[in-house]
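Structure below; questions to follow.
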Amino acid sequence: MHTYHHEVRYYECDRMGITHHSNYVRIMEEARVDYLDQLGYGFDKIEAEGVVSPVISIECNYKHPTTFKDIIDVNVSIGKFSEVKFEFLYEMRHGDKVVCTGKSLHCFSENGHIVAISKRLPGLYAAICAQNDAPNNQ
Amino acid sequence: MHTYHHEVRYYECDRMGITHHSNYVRIMEEARVDYLDQLGYGFDKIEAEGVVSPVISIECNYKHPTTFKDIIDVNVSIGKFSEVKFEFLYEMRHGDKVVCTGKSLHCFSENGHIVAISKRLPGLYAAICAQNDAPNNQ
Amino acid sequence: MHTYHHEVRYYECDRMGITHHSNYVRIMEEARVDYLDQLGYGFDKIEAEGVVSPVISIECNYKHPTTFKDIIDVNVSIGKFSEVKFEFLYEMRHGDKVVCTGKSLHCFSENGHIVAISKRLPGLYAAICAQNDAPNNQ
Amino acid sequence: MHTYHHEVRYYECDRMGITHHSNYVRIMEEARVDYLDQLGYGFDKIEAEGVVSPVISIECNYKHPTTFKDIIDVNVSIGKFSEVKFEFLYEMRHGDKVVCTGKSLHCFSENGHIVAISKRLPGLYAAICAQNDAPNNQ
């Protein structure tokens, strides 16, 4: 899986001159979208099937500030997962420094009801399992 | 019609320490939502009928910067309008200074097709006409 | 301390029709700004002294979606704190439902160096201690 | 000068499922930043000299909606300019469709005072003049 890159925009920086902390949550979403695309299960494809993926929780740990024009390299990996929930882990670097680490927990929902990923999106479930068994996740 | 108030948020300010110019477009939307509510035709009510209101164009003229915690008072009025399009005019003040003026042009659309406001939303059309005839609009 | 209120904006809702999850992080900031104002130590006052308050970490647990025009009532309280770090806890409700709970951890910094709150901002430190001793925090 | 590309993010789409109109103002800023970089006068370089570039006015004409994952190609060119103000013109396309056209008017300011571009940033002024004389601008 390739690394996702985000270049910090002017409008993402705040009065302190640094990337506003809320934007890392958006960068995590961008990286997650890209990761699911790489797995072959993009948001657009999933939504076209009538399934949406609400976020259950997020967490960000800010290590170093970044600013306008900095390139943030985001490595995404799968954390804990079950038949109904799965977690993404994020490591965000600028150059050789870890600037932020994050986590997000997700489920899938159809017509307002939680669905079992293994049944409703079996291909995605298999891809998550395979990804999790990959050597770089051990 | 009452004036709409927006207090500038920390995250709305940029590296120059001032309200990022893109946010005035959002403040104009907030004020427009409030104005339509006052006319009795809120976005939510219109959308519940299956009608959406795309923006055709916008314009902002920035006169003075504002910053964190400034209260922006927005006066909305109806500009030019026809059976299919209508324009909102915005005057944004902070204290006794005009900080920004704006315009937005809108139509209504249902299932991807432009609708005649006078036919599809006759009550709103009447309200717009009445508003436009009001003494403060002359 | 009074409750902070945020009305969900049109532009804060996403393709699923619900408040985008990143916006709760911004609502938490708004509520925190208001809370510090109530303590007499607003961001603007602190920044005017040359001190900034970076966010060390945040966490959000999404319980129920909210949407356009929903009023979110935010109760802020002080969590753990020391001489250099302090935590805010957030309970966000819409009507009688808890829609989101959150946490944020902060420090204060001057010229790039962490400062001891008890020394650099002794009044704020006393206010935090007093708040934490208040009956509703036990 | 190369074309700037923006891929529409999930969080940039609204309840109608389309890119929220305020985001085009941000996309125009991204494209302008890139254009000034190409001229050798990036925002960061200019700000490092103590000069900031406030926006005087903006205008957007929305032609077609775009949505999540659409690539917006932005062509920037110089419009009218004088010694103190200059205008950027934007044509935004998705595939072979023009989705939005825009304009923005700017000046440069130092310590709160407008500066003559030709004197304070003569290299940039020369670059703007040269760009404007280029065949594709006639």
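The chains carry the letters A, B, C and D, assigned in the order they are written, with residues numbered from 1 in each.
As a working rule, contacts are C-beta pairs under 8 Å (C-beta built on N, C-alpha and C of every residue); 3 or more make two chains touch, one makes a residue touch a chain.
Computed from a prediction, not measured in an experiment: that's the story for all the values here.
**Student:** Using mean Cα positions as chain centres, tell me which chain lies farthest from subunit B.
**Tutor:** With centres defined by C-alpha atoms, farthest from subunit B sits A.
**Student:** Which chain pair is joined by more contacting C-beta pairs, A-C or A-D?
**Tutor:** Of the two interfaces, A-D and A-C, more C-beta pairs touch across A-C.
**Student:** Taking each chain's centre as its mean C-alpha position, how far apart are subunit A and subunit C in Å?
**Tutor:** Computed from C-alpha means, the inter-chain centre distance equals 24 Å.
**Student:** Would you kindly tell me how far, in whole Å, the mean C-alpha position of subunit D lies from that of subunit C?
**Tutor:** Inter-chain centre distance comes to 35 Å.
**Student:** Using the average of all C-alpha atoms in each chain as its centre, how far is it in Å between subunit A and subunit D?
**Tutor:** The mean C-alpha positions of subunit A and subunit D differ by 30 Å.
**Student:** List, in ascending order, every residue of subunit A touching at least 2 other chains.
**Tutor:** In subunit A, residues 10-11, 15, 22, 26, 29, 68 touch at least two other chains, as defined above.
**Student:** Within their complex, state which residues of subunit B touch subunit D.
**Tutor:** Answer in residue numbers: 15-16, 18, 21-23, 25-26, 29, 47, 52, 54-62, 65.
**Student:** Sort out for me which residues of subunit D touch subunit C in the complex.
**Tutor:** Answer in residue numbers: 10-11, 13-15, 17, 20, 22, 67-68.
**Student:** Using the touch definition from the top, list the residues of subunit B that touch subunit C in their complex.
**Tutor:** Touch residues, subunit B against subunit C: 9-11, 26, 29-30, 33, 42-44, 68-69.
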